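Same chain, two partners: chain A is paired with chain B first, then with chain C.
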Partner chain A sequence: MKLSLDLSVVFPALVASRLLLALTNLPDALKHDHQLSSPLTSYLNLQEGIYLFKNGIDPYSGGIFRHSPLFLALFTTILPTSRTVASVIWTLCDAVGAWALVQIWRARQRVSQTSRDGLIAGAYLLNPYIFLSTLSLSTSPFENMLTLIAVMFAAQGNASPSLLAAALLLHLSLSSVVLLAPLILLLASSPVSQLASPRAFAKNGKNVAPLVAEFAAYAAILSLASTLVSGGWAWVPQTWGASLTLPDLTPNCGLWWYFFTEMFDHFRPFFLMVFSIHLLIYIAPVCIKFQYDPLYATFILLGILATFKPYPTMADPGLFLSMLAVFPEIYPYLRYPIVTTLLHLHAALLMPLFHHLWLNQGTANANFFYASTLVFACANGAALTDCVWAGLRIAIGEPQDGYVVVQE
Partner chain B sequence: MRTLRFLWVLGLLPPCYCRYFSGETFSEELVIRPLPDGKVASRFEFTTLLHGATPRNPQNLSVEDHSQHYTLFPLALGQILREYAVTELHLTLNAGKWNYDRWGYPEESDVATGASLWAWMAEGSGSASAANARHRVDARWRDLRNALAGLFCASIASLDEQRTTSPGRAFTPVGALPAWPASVQHAFRHASLPSENVCTENLTPFLKLLPCKSLSGLAHLLNPHRLFDADWHGMGLHVSWRPNEGVQVRLTFQSVSDPLRAGGNSRDWSLRLLFDRVVDRACPVAASSRIIVTLPTKELYSVHPEPSSVVDGRGAFDLSDQSFPLDLRLRWAEPFQHATVPSAEAPLSVRRMLRGSAQDHGALAISITNPDSDPVSVVYLETLPWIVYLYLSTLELSVGGVRRPDLLQDISYIAPVPHGRAATLEAFLSLPARSTVTLHIGVGRSFLRYTEHPPDAQRGWDLPGAVVALLPAASGNQSSATDSTNKGAMQEMKKWNQPQRIYTPALLVDPATPDFSMPYNVIIFTCSLIAFIFGSVFNGLTRRFVVLKSPE
Partner chain C sequence: MFSRLLLLFLFSWTWGTLAATPSHEQIVGDFFNKNGASGGSTSNHTNNWAVLVCSSRYWFNYRHMANALGMYRTVKRLGIPDSNIILMLADDAACNARNRFPGSVYANPGRGLDLYGDNIEVDYRGYEVTVENFIRVLTGRMEPSVPRSKRLLSDASSNIFVYMTGHGGNEFLKFQDNEEISAFDIADAFEQMWQKKRYNEIFFMIDTCQANTMYSKFYSPNILATGSSKLDQNSYSYENDNDLGISVIDRFTHYVLEFMERINKTSHESMADLFAYYDPVKIHSDPGVRSDLFRRPLSEVRITDFLGGVAQVEVGEGVPVDTAAVGEDQWPLQGESPAVPPVLPVAENTQERVGDLGGGWRGMRAWGGVLLIGGLVGWVGFRS
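This part shows the complex of A and B:
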């Protein structure tokens, strides 16, 4: 009996089951979890900001609310803020994200329907990193959804919607500016897999400048809208500035928090600069190397964001891992998928455990959790380097007997 | 012969001359009040009035100030007040927890644990030029803290911006604020440090501010061995301006002593028992010098010597009428009976707790009991350092388990800034008659940089106590319901139209600590990992693939 992965069956079933779970008491148990929601995405902080905003106190005057003013506008005018409605909206976000991922897959294959569609949707909707993050009502599902929508429209060649989604994403998370370059390359070329047949960037770069200008215009309009909503520019240092200066050292699954907890005061600005620029230095090499397949460049940069972002949540590595489903052609060339999987398993089990032992039980100290985040970073790094290797190695193909492929 | 002539010159001096120096009056008072639980509260008050003086206008800070010549007024303090143009200043250094439920409302209302400093200062000259930057309120507030820290040998200097707040309603000026022409509004600054310890090194500079030091008069009773052994003790400095009188400096010392622990075998007390000293002689420069004793109303007692006058159940002993050495003694005829129920003399009973075992979040629970038959309006003031932040959206008010959001009339909130500013929450509540209102707010706990933790970080941080202030309109209803022993304090409060403030004890919060021993290790581990991933990625991206013949 062949297991049916028909999208029309799998998709509604998965969304409905997730909705059921979201309506239980699980969100209340998970909303304090530091791995699933960072200070920039926490639902508690969002509620606090909305409460302050509704009561006429500028939420950006303090240091708790660090969400974009667009969230304020969304939740104080259009959407109500009850927990049940929130659970539905958050699940819908994931549903839209999964649908966008399927569309990306279809655009890459240049077909309107494949037998793999259900599997792709499942890879996103069943990914525990994304799933638990949504249950904790962290706002990172919004970021993931916007990322996938921006990539989807870029893959379909719709420049304006893609750039608008990217501008919205920039407002939600400053680090995602990294994705702008591959998105524009993707708009200028095609999403079809060229990994096995690399060639120079075929299209001329003339239409890149208008695209950048359009993105800048969207970002500027959204910034003005944010200023109008929040009544001042105070949101800039509170939202974007937080990604650069790291004022809140709440533990998360990333590398920044403990490093800057333990950093000597006089070196703090220097290392903040180093860590911020470190995120940017990957853009050019990755985009140049994968110029023939910008969708793959986007994927690699997502992996870099997931590993090195200032305030990551589990949803960020989750997006990277789920997106791996779109590139089945590289699977044979992965060198150590088992090791990567085991590292992820190891970190995913130890992180919540050590976090609980440190902060709730009081029987462990910060080093335990820090060590598990290092393992998690190793897992993400292993997945990343393996994907870089496989994406390049596929071009050589299988050598004949008696020959091996190495890097010089 | 020369000695005789000298005495003759002395005799020429009118006896009153030395008491009324040109424009300065010094008076002292000791109030002793037996408490319902058998302990004895005593309050020393030393008041110096500088007649006709006005606070310095900060607009004129760049102009040379007139010279300061004082006879009784403490010069060290006067210099600070003029230098930083402070209009009104209050400093309290208290140790221990004032037990309102057993001791009633204190004579000196400000009994916050640790050091508290609050002041009103007008804005300096408006231009923001660099020369005038130190005339700004915040710069002068910083300098004032440093100066007072030096004067009182206390850690007031550490009441920095992270602890400074400006609550609007719970504190009102005791005196008046001068209306200078073209002057901007007065600014209020408040800061408190609950972990400050109060001891002899603070009392010595305190005594130095008195004209008679501790040599004569009531100040002679300030014996550090006994005062710092008391169940509760605290000192205060209050500077205010009275428009028709001048600048008044009030130095107070309040303590709660246990006569049993002091060596007696009953609740009978005497000055020698409480302070291990007696009044040897009066302070010659004091315009008035009195001891006021609250006398029992329902029981038989004997007091020696007889008071000069008895008003309202309070016997006054004027030191000018008494013979020296003076040792007041109060004896009860009946043995002490412990009350079976705590006699709630305070207008309100407030409890405050930090709940939750997790080190990253919890809840603040406050219950305020109004025993009175009338509803009262209060301001609940919470000033929290940024290490604990409130989730105001989770604020819940309930009476007996029933949610009552209508009791919250207004709220004013200044959000905390990490590594920068403390939070200020002022909630205006109306408390129904004979009920307990419970306030429940979710809190989060910040994670601190390793350099921001205090020494002995695992002990945690002391959070300043909350303040519940009865609004003046409501305190008028209050005095009728309270016991006569407290009447004096109440009337004093009403006279100055001060909100009655009730302080809760400090709370201890333990933020999660990093490992203090391994900053190098963390920097090395994280940097190595990042360099490894960076290297691997760039290695893959830059090296070309080649096909080689297999060696075997």
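This part shows the complex of A and C:
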């Protein structure tokens, strides 16, 4: 049985159906959802900030608008601010992300076309975590798109576009600085799958330092552009500072908010530091362990980002799970994919339910929702650990009769 | 001989001078009577209070509630504010389960005017209408915790209108079916008020059976009293309303209110006119008046001296109009520039920022950012 998964058929169909969905009034129902959008990505906050900006009030003087000034610049000049146009833009953003994922797959396989292209595009566009986030008009699909574009250009060996996309991504989300190291490693080596044959880091001739400098230059120019647009430096503590100081404790699907609702002020700086550094401590081990396959390191770090980000939305683990489609070689070595799937199903069904019971109906309390976010974190963690195991296990080879692989 | 003449001259001159010099009391009296002489009213009060008491409860005493509320409406209409009215009602008629028109109290058959409405202020309601509270209100001897709205904060130049209605008898009035107040109690309360300078003049009106006995025991000055019926006479209700099923007002109060409907704030009708309006044939009883304690002639006492909140106006000479004292309760209206609401600067926040020159630059800044991003993207695309 051969499935017709030709990209030229699947891709337009999926994008068209997504467009149709986006033009209904489903976004109006979803844009308030706390799992699909966070205070940093909410469409309502974006609208408010653009309105304030257009009326001469500094959007960063209040605590509502935490988007980057680049959004202000784009939406008050070249992009119109109507709802239908927004739906179209968000759908296009997802389409670009799906196309970038397909290109990443193709670059990894070193071919220009495969039979699995349609499947990859479908894995991204049909992932409910991703398409519900896009329908809710939160700006996390932009982050996904920029991540995928950065990784795509890095996989194709184009340094400058990749670093520019990474710099843009940094301006949208400070936590994505975690992805800088594997991206640069990827630029400096190749995307081809080396999971089965680990070796030391193989440079392809590019030096790392100029790449870092180029990235820093792009980030600095974009910071200057942001300062120019917003008329001052207030955007820095409001946007980047929000990831570090967690001023807004709106419930989301992450782990930070509940912890910090019950945090005494005396300990708050210490634990903010702990949580932030916690994100950073994964970079070195993952990059060192997977130095022979930086694309896989990127993938793992995306998963870590999705689980431990300050203000995650469902789109972040959605990206991680969709990108799993690019690594079919590890599928035989996943130990408990069904458990992971069921945990995700469990969490994905319980989170909105407990959120509704807590905040809409009033018959539950925050602990219900927090417990479901813990299950969600469990599901993400299970997926992560399984992927790490499989990525390492693949190097050992096929299981043989009479032998069993143990960890010392 | 010459020294006797000198002595006589000195004596007559001294006596004449002394006689011609007005005494201090006369000066003060002249001051307070100045307006009276020119304005036509001889009253020298500066504020008005009203104490309206309905001492009955239960549905079948609906008419007493209507009596008090009718007086309340009249007194308010003629200018006494709620802050100067103490209204004591059992207040169980409007929302009574038997009331076919819930939330309303009517004082005439045919239900033309709703006296209850949504703008009345009852100070003592329900079981708070007691003899003790009434006497405490009059004498001012209360717990410190009693709020201002329940206090009679009158002074030596207050004219007080005291109206009482309910079931009464020979020198007593029944309070809410379980206690009585006697004429002596009220007389003593008024004397306490006089001693403590809590009134200038009191107008006491009472509508009960044998009402005139209630004012027979007063002994304090400046009290004018009137009642609905004399000893051994009942006071009767006016008419039933067919839909409510009970009588809605008493005769005496009905005719008094009928007289009051012709009065407004600027009327010059006097108490003599009111008392002349009494018709024992229509009222079915003999209303009485007691004016021996009252020092002014009744034809010079205006209705609005007691039932209205009229203040004396004194126009000074030689001062511009906009600064003349126009009464105790009014602010100067003319002569000031109309109040202009302050214009709120919209772009205030952006004005304070360094390097921001306001709204016009905002669009340019946004375009500058976009061009910078676009330039970066273009340059990168061109290079690769």
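As a working rule, the second predicted complex is superposed on the first by the 403 of 408 C-alpha atoms of A that agree within 3 Å, B and C clash if a C-alpha of one lies under 4 Å from a C-alpha of the other, contacts with A are read in each partner's own complex, and residues count from 1 in each chain.
Criterion: a residue touches a chain if its C-beta (ideal position, glycine included) is under 8 Å from a C-beta of that chain, and two chains touch if they have at least 3 such contacts.
Since this is a predicted model, take the numbers as computed values, not measurements.
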| Since both structures carry chain A, what do chain B and chain C do when superposed there: clash or fit? | clash
| request: In the three-chain superposition, say which chain, chain B or chain C, touches more residues of chain A. | output: B
| field | Which superposed partner A:55 touches (first chain B, second chain C, both, neither) | value | both
| said: If we overlay the two complexes on their shared chain A, which of chain B and chain C does A:78 touch? Say first, second, both or neither. | reply: second
| field | First, second, both or neither for A:164, with chain B first and chain C second | value | second
| Which superposed partner A:334 touches (first chain B, second chain C, both, neither) | neither
| field | Partner chain(s) touched by A:208 [first = chain B, second = chain C, both, neither] | value | neither
| query | If you stack the two complexes on chain A, which partner ends up touching A:26: first (chain B), second (chain C), both, or neither? | reply | neither
| request: State whether A:353 touches chain B only (first), chain C only (second), both chains, or neither. | output: neither
| task | Check whether A:221 is in contact with chain B, with chain C, with both or with neither, and answer first, second, both or neither. | result | second
| message | Tell me which of 152-160, 206-214, 224-232 or 242-250 in chain B produces the clash with chain C after alignment on chain A. | response | 224-232
| Of the residues on chain A, which ones does chain B touch that chain C also touches? | 55, 57, 61
| Residue numbers on chain C that touch chain A, as the complex places them | 346-347, 349-350, 353-356, 358-359, 362-363, 365-370, 372-373, 376-377, 380-381, 383-384
| field | chain A residues within the chain C interface of the complex | value | 53, 55-58, 61, 69-70, 72-74, 76-78, 158-161, 164, 168, 218, 221-222, 224-226, 228-232, 234
| field | Footprint of chain B on chain A - complex, ascending | value | 32, 34, 44, 47-48, 50-52, 55, 57, 59, 61-65, 247-251, 255, 257-265, 278, 282, 285-286, 289, 304, 307-308, 358-360, 362, 365-367, 370, 374, 377-378, 381, 384-385, 388-389, 392-393, 395-396, 399, 402-408
| field | Residue ranges of chain B touching chain A (in the complex, touch as defined) | value | 357-361, 386, 389, 391-393, 411, 413-420, 423, 442, 444, 446-451, 512-515, 518-519, 522-523, 525-526, 529-530, 532-534, 536-550
